[in-house]
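Same chain, two partners: chain A is paired with chain B first, then with chain C.
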Partner chain A sequence: MSKKISILLKMLVFPAAVMLVTGTLGSMTGAQAATQSGSKIEQLTQSMSYAEYQKRYEKYYGNFTAQMAENGNPADFLIDDGKDLANKVVGSKGKSCASCHGKDALKLKGAATTFPKYNAKLKGVMTLALQINTCLKNQMGAKPLKYESYDQLALTLYVKSLSNGMPIQVSIDGPAKPFYEKGKIAYYKRHGQLNFSCAICHVKYAGYKARSNLISNNKHHADHWPCYRLKWGKTGSLQRRFRGCMKNMRVKKPPFQSEELRNLELYLTYIDNGDRIQVPGMRM
Partner chain B sequence: MPQGIGKIKIRLPRTVRKGQIITVKTLIIHPMETGLRKNKKTKKKIPAYYINDVSVYYGDQLITHENWSIAVSANPFMSFDLKVDKAAPLKIVWKDIKGGIYQKTVQIEPR
Partner chain C sequence: MKVMDRVDLRRNLGLLAGVVVFFMIAVMPVWAGAGNGNAKKGEKIVKTRKLGNCVACHYLPNVESPGNIGPNLVEVMQGYTLADRKDVTQWIRDARKFNPHTIMPPFGTNKILTPKQINDVVAYLYTLKK
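Up next, the complex of A and B:
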């Protein structure tokens, strides 16, 4: 009997919760949303500047993540392991990263600033993680590493940490332009059961609250990944975070390094052009 | 089993004077599995695997001994204050319930 009641209650509570979310985040009806979906870009105004958002963040959460990162970031160990992996010989051709890129792959200093970028062979956007796997497969004759695995993250993090403190210089000129546009459309497109887009939260309502969480501004979103996230208790990549957001929006998740996620990464990194790379980051 | 278990970082101030009270900061990589979680796909319980015993030695002397339980987070961070009165090694030992022993020694040399 009590089981039946609890099921009934759940059925009642769920639509109420959905209505609450849509109610707090703009009173958007289904008919309005239908006209705005598709390839058109919705016109949204930025809710507040990054400086103002930061002020709010400090008011709500203080600076404890910054302090924790100063005391010791668990992702620092991955950088040390990545350095060892760069010197390790793997694959059928008897090569390591160091045999092309110098000792400890130090010639790659500054290379991470231009990623993600257009690649003619791929006919798409090349991200750093994909580039490492392509190198392993084609140049070294080794098996490509699984995405989000320890070794893959360690190598990506090590190569990116070589360009720490350098400004991001992502280019969207020439052949990269259509992929940037696709990423922008994906960022502004409403999809999923809850009819959200990325931009609704991170442009229009950035700095306000969704339930008890402060919604972050889309500036400085891409300059500190891969980073250690306290919720995961692990280091993860930007694409893992994308997929987490998509799960909350009730969207079908695309696989890692699929075209959709790579275009999105290009769009988000272009926003951060000129900011300095600081890996590994630490987030809540 | 996740990689990197038992990697340790110990941070001290750059210069230490005799009689000074310093803060020692330590970090160890460990999953700290509680034994209460389930694997979502196989529906089986993940066995407990956590650090339950920490001791700190300054020279030959045992300074502090701690009993940890499942409430401590993954990758635990620990810091404590220490009065420097001699030049001696600082040894920290972590023990987990599967018999793993992780330790690191740093030399404290006051000016």
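Up next, the complex of A and C:
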């Protein structure tokens, strides 16, 4: 428990320092990225540095969510149950995750740091949740788990927790490149009745308030999911969060693990390269 | 004769009152600084989430925790005169005319609000002029 407290505190207090150390502050901002890939991407300047955004966050919300998480993050239950599920035999082949990945699937320590990643069979981006469902289906002869179901979130969260504290290192080179580019285009694309894009809020107006909601900076968007969200009263995935913003944007929500959402997940996770995985998160 | 006089007087008073009321109704919007449009309805529209929801981004009076993405609209309106009504309307209809990279939704072009509703919003905005 005390280890968790310190991790959570670090999550709030030190990310700026971590970013400076890993040298990602300058190179990964949306604004800079926008200059690299040509005319399709709207040129938007970053509203403020991550450190400045963080100052505003602390002034506005204090360490309210960190304090709540200290008293126990409800998502911790999913991690415990995910561990049990990893050892449970399911499907026609009589296997569990542990059959291939060792007791408690401990051989998967570090695996989550490279997700999402290009997958040749899929000819696209493989996310951790999709990988788990693919294993269930192809390796174990079991039914894939419904996205956002308790068991699917529990397994994803458990496997990800094995990489807690390890730096994210997704690749956007080689065959992954076009999917990263597509994710970025989707992030900057204006659409829906309100003509918003993800970037207009999370790059140009990060740190400003949409009514009473502080708009988050897109740095550190991908390092703490699946996450317990107070507004949901539930643990959910990064893609569920994407779809929440899409609903507010009045655009048609793509299905879970659709190509668009997987590309977006790669784009946002790459921004967090070098940042440490910290699951489960806790957010308003 | 006296009775006739009184009736005439009443008629004339009625007529006079009618004219006054008519005149008041006719000039009321101008008087409210609006040209036309219903400021009361406009106020409702700017504060309703499913309609204008201007308060998501702009400060407006008597709203709990308005956003701060856009400028304070009370301050903004001090800079506009009645002659600028077309510009104020255009900002709401489609702000991209003034700023192609605006975050402000094109309320008219994308049919978020009807022309009549936009007119009501403009009428409301002019009531903010001190």
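In this section, the second predicted complex is superposed on the first by the 245 of 284 C-alpha atoms of A that agree within 3 Å, B and C clash if a C-alpha of one lies under 4 Å from a C-alpha of the other, contacts with A are read in each partner's own complex, and residues count from 1 in each chain.
FYI, a residue touches a chain if its C-beta (ideal position, glycine included) is under 8 Å from a C-beta of that chain, and two chains touch if they have at least 3 such contacts.
No experiment lies behind these values; they were computed from the predicted model shown.
**Q** Figure out whether A:150 sits in contact with chain B (first) or chain C (second), or with both, or with neither.
**A** First partner only, chain B.
**Q** Classify the contacts of A:204 with the two partner chains as first (chain B alone), second (chain C alone), both, or neither.
**A** A:204 sits against chain C, while chain B stays out of touch.
**Q** Is A:76 contacted by the first partner chain B, the second partner chain C, both or neither?
**A** The answer is first: A:76 touches chain B but not chain C.
**Q** Tell me which of chain B and chain C touches more residues of chain A.
**A** Chain A has more residues touched by C than by the other partner.
**Q** May I ask you to decide whether A:42 touches chain B, chain C, both, or neither, giving the answer as first, second, both or neither?
**A** The answer is second: A:42 touches chain C but not chain B.
**Q** Quick check for you: in the superposed arrangement, does A:194 touch first (chain B), second (chain C), both or neither?
**A** second
**Q** For A:271, using the defined touch cut-off, is the partner it touches chain B, chain C, both, or neither? Pick first, second, both or neither.
**A** neither
**Q** Please work out whether A:233 is in contact with chain B alone, chain C alone, both, or neither, and reply first, second, both or neither.
**A** Only chain B is touched by A:233; chain C is not.
**Q** Contact-wise, after the overlay, does A:212 reach chain B, chain C, both or neither (first, second, both, neither)?
**A** Only chain C is touched by A:212; chain B is not.
**Q** Residue numbers of chain B touching chain A in their complex, please.
**A** 2-4, 7, 9, 11, 25-27, 29, 31, 73-75, 77, 79
**Q** Given the complex with chain B, which residues does chain A contribute to the contact?
**A** Going through chain A, the ones touching chain B are 68, 71-72, 74, 76-78, 81, 150, 233.
**Q** State the interface residues of chain C toward chain A in the complex, per the touch definition above.
**A** Listed in rising order, the residues are 55-57, 64-69, 101, 103, 105-106, 110-112.
**Q** Show me the residue ranges of chain A that touch chain C in the complex, using the header's touch definition.
**A** Residues of chain A touching chain C: 42-44, 193-196, 200-201, 204-205, 208-212, 215.
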